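Two complexes follow with subunit A in common, the first pairing it with subunit B and the second with subunit C.
Now for the complex of A and B:
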């Protein structure tokens, strides 16, 4: 029986081993930094979630292992679930709006021939401003109920002033408006990049075949920009789940608890309040939700795009 | 000949260079060379101070001549209010060095002193700054288990302030008397919370500030969660919920059970919700303390209660009511809830329970003070808090309020100094400060361990009531349940009751 000639040797040469050694030596600092900055805090937080660790407890108390007690408390804590509901409402309000605005503006920018760079820069400006500054200037000043310019304009037009920050519904609307104003730019940037990647030849060919503009958009543009769109959506959904700065500055989570997000609740419990144990369990809940959602989203996206 | 460096060679060279730099960094420092003067300057003692940005800048300006005269250097860490508290609490909890001297909120004293983070103040320092001159209400905020761990800087309390000029107006007064059956008093303002409510209602909805706009209201208070709601609500509640025969207020000193849902607190919240929804400017249920001050100083409300009632009201840039404002102790009540009997007790003379809201920023020396700077640090805090320095601070536009007996007598300095209060307003202000800080039924701010969590729990419940999410009783039931749960997590109800007793000097 003839044997096939060995094209590649499976035995690793001394050179290869030495080469791999160098690779590992150079990788080591990066691995160590990742371990220190990521793995240790993540594992430590996991440990804290199963204890009664509290930063500000006075007296001789030993930190105790409490099993699932923090997670049980989490499940029965109405305040926490209110923050989950608020966060989901916020996310559902801002992400679709940003997608629609982002796509509309990106399509317009992609089709104009003059001043495209100017408008592109203009639309990206909100992205360059700190969320805290946006919340203070756009939020606290514009939406000030008593002497703010929006209510002033409304009153001068004969309407009632809107209780932007004292009505649970309007406070959420004000927060959404700020977030949409700032982060639509991100969608514009991503979708414009995606549109630039669509080859014009395809549209020309479709036109020759008798397709109108709408058909060209649905059949050619949308499928081609879909991968970047889905990625941008995922980034924005995760960001919306983690929203905290604008809420802290604008409403502080109020009125009542109407605008308190999960991340703000974690910050208040763990960082400010010092209850690291319960704060850690809340943080792990958020991490778990985001991981499950992110994983499911990616699987569904790949299936929808026929890559599975 | 062209010489090329391969990627691998480059990486090896870079690795070698990085290693050499790392070895050099790890090597023993080279002894300073040069003249003796250079060596001396390198060993200059540095005093590190952490404090609020604004107040710290004034401390720096005030202390710099002293620092330079003594050949020291000053490094000042500047933080925002919440950031400073967070930094201090985290440095205490993690036992890390923040500064030699820091300014901290006195109601964190159980957390900070209880954790052993501060040096006890030496007797020589107490003598040098004439500590006996400090009012008892302030001494309590500097002490823990009978020892002094901090030095006074600011006698922060809530003052009731009102529009003296409007209350003295005969036409306004006669209309008020027709409606409510008694005179407005330009000397005292509202003496009870019932009077406060009448004034709130009366001054809402007509153009008493004569600017032609529909922007006139009865009162403005600090109501925003995450801002200063804790103090806004407690100042409103103490007169109903703090009985003169009972030392307990927040929790029961015997059992540790929360008292926040008793009828005294519920009445205060019910009335407050009505006042802020109906008789405060738009957005009044979500006002920061700055918003409430601005409403008063902008001439849009007839009364308020706040801390820095004087400084901002005197500046023409921030106020249209210079010299028109009167000050007094917070209003009282004829009815006070007695938690022991479960009944309302009636008092012929209104019972007052002024709230030492926040209790003031205090100056302390870290247990981790740099040994080289030890003497310099104590010299610094002594100079900063001695009577002459204290008077200079509280009579200037610093936002610091008086805290010494001697300052209460310094009418002239307050009347004609940088604050320019005039004698009548200065007298009002100082009388209110003295009466509040020296009052036998005054309420010490919450300072037992975990105050940040308790504060957040109360603010959440009260803001739910202000937003009509829950009725006051239900909102305060939630607060009380949260208080008890926090107490359990902090070591148990009894443990927290013991800490509470210590913060009251028991």
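Now for the complex of A and C:
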């Protein structure tokens, strides 16, 4: 895929003029749907963040504009910053782990010929499973403290059982393990595709020139797989910042607030608590953070697209 | 060490790494399968690993699910099936038409920007949408309806489909379409009779991926539905909050029923799915 030549605008149909109507009929439904279901929520949430909108009071009370009050509340809200910290810790834990596992396994896969398809197919499996089920199986069952197999194996090896869900630190580790179990496959498949785009004769040439394996890897492979690696990393960073479902199922944000993520905080404030205004200001904070990484992601994607 | 010996060592190490990771992925799945055949006694004292050796497997969890409580499980299951299929079909139709248009027509030199506009959806947090959707669908009287989830999931899948299919259509030879149009076919006929059949692998991939996305989605379903329109993931967590984590075998059986269809579909179509998943990042 990576080596296929792209077809540029010169190949567009010369029947274009005749098709002026179809041109819009094909495109507009998609644009309209996305505008309605993306732009309205984004603008509405911005509006809500500057009001005192509350779910249980809609219709009964006049909605007041409160200026920056919600954002001021946000800045001084220690509980919210705790969830920001948790989310960043989670991201910093899972993304590097997935990169290391992804690169190791992808290199191994690229190294073999027999059984490659079988491994590839099996590695796809976790990506098909819902986060709720993954969190239930890997989290609730395997990390169960009394009769779960992980603690059981640890005890049989002579260690103490680990308080996976009752200790703040270990609960975070368990959540990271769940995410790594599920999403390393994404890194593996992305990096394998990237490695397949590295022409083998480049390595041959380097070997003839006297470069060893390691030099070949750093000087040829790494630069060539860098764009795809960066894109995959950005996707995983964005997704890690949005983490919520596995937390809801495994710890519910606990013990205490030790594993509560930003998205879980927003759900609790806005949906459960009904405080749409404060929830919206939290959501905007998250959006601003994601826009940094999302912007970088769009730049990478734009670069990969070539000329229009 | 000679070159061939070095190569052999590398191959052995590679297989070792692959088998190790395959085992890490396998173990939880093995565990959920054996747990669905366990009895309460097998889980009350210590962990048990091997059926027939550690414990006597029984089918009571499966009988419970498919005989005793079938009707209770069937509604969320059918909700999930309907919502996933209808939303993916709508998204496929609308998204692939737009993808085709962006591959074949010129929008004032802004085609790439339009595609990037679609892709920018990825950076918007779900947390932002659930607040707005909750109010929107409440005002429309659509809370706890399948329609609300169908609308949300269709729109969620469209950007990805536009992106993948645009590239897929661009890779198809334009000459066939041109000669069909010389023979008098119109653009609609060209799209549905020529381009779509040729793009079938791409269409299958994006359809199955959006099916899986809708089937597994939890946060929006949790926000918008609560009784009539609940989907399987929501049904599962509701079971847990009712019974606590005590009936592991029943939860395992439900997990397997919810996971097997999508995992089987995904793995059977491995080639296409991997292509769809890793798409876009791999160009240029």
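Heads up, the rule we're going with is that the second predicted complex is superposed on the first by the 261 of 308 C-alpha atoms of A that agree within 3 Å, B and C clash if a C-alpha of one lies under 4 Å from a C-alpha of the other, contacts with A are read in each partner's own complex, and residues count from 1 in each chain.
Just so we're on the same page, a contact is a pair of C-beta atoms (placed from the backbone, for glycine too) under 8 Å apart; a residue touches a chain by one contact, two chains touch by 3 or more.
It should be emphasised that the depicted structure is a prediction, and the values quoted were computed from it without experimental measurement.
In the superposed pair of complexes, A:34 makes contact with subunit C only, with no contact to subunit B.
When both complexes are overlaid on chain A, the residue A:214 reaches neither subunit B nor subunit C. Using the contact criterion defined above for the overlaid structures, shared-chain residue A:58 touches subunit B and also reaches subunit C. More residues of subunit A are in touch with C than with the other of subunit B and subunit C. Within the superposed three-chain model, A:145 lies in touch with subunit B and out of touch with subunit C [touch as defined at top]. Once chain A of one complex is fitted onto chain A of the other, the partner contacts of A:22 extend to both subunit B and subunit C.
Once the two complexes are laid over each other on the shared chain, residue contacts for A:248 go to subunit B and to subunit C alike. In the superposition on chain A, no contact is made by A:157 with either subunit B or subunit C. When the two structures are aligned on the shared chain, A:127 is found in touch with subunit C, with no touch to subunit B.
Using the contact criterion defined above for the overlaid structures, shared-chain residue A:166 touches subunit B, although it does not reach subunit C. Common to the subunit B-facing and subunit C-facing surfaces of subunit A are residues 22, 25-26, 55, 58, 144, 248, 271.
Residues of subunit C that touch subunit A in their complex: 10-11, 13-15, 17-18, 21-22, 24-29, 31-32, 35, 43-47, 49, 94-95, 97-98, 100-102, 104-107, 109-136, 138, 151-152, 154-155, 158-159, 162, 170-171, 174, 177-178, 181, 186-188, 191, 212, 215-219, 222-223, 232-233, 236-237, 240, 245, 248, 251-252, 255, 258-259, 262-263, 265-267, 270, 273-275, 277-284. Of all residues in subunit A, only 22, 25-26, 52, 54-59, 61, 79, 144-146, 151, 161, 163-168, 248, 251-258, 268-269, 271-275, 278 touch subunit B in the complex they form.
If you check the complex, the residues on subunit B that touch subunit A are 8, 11-12, 15, 86, 89-90, 93-94, 110-111, 114-115, 224-227, 281-286, 291, 295, 449-450, 452-453, 456, 460, 463-467, 469-470, 489-491, 495, 499.
Those residues of subunit A that touch subunit C in the complex are listed here as 1-2, 4, 6-7, 9, 11-16, 18-19, 22-23, 25-27, 29-31, 33-34, 36-38, 40-42, 44-45, 48, 55, 58, 101, 104-105, 107-109, 111-112, 115, 117, 119-134, 136-138, 140-142, 144, 147-149, 152, 181, 184-186, 189-190, 193-194, 197, 227-228, 231-232, 235, 238, 241-242, 244-245, 248-249, 262-263, 266-267, 270-271, 276, 279-280, 282-284, 286-287, 290-291, 293-295, 297-298, 300-306, 308.
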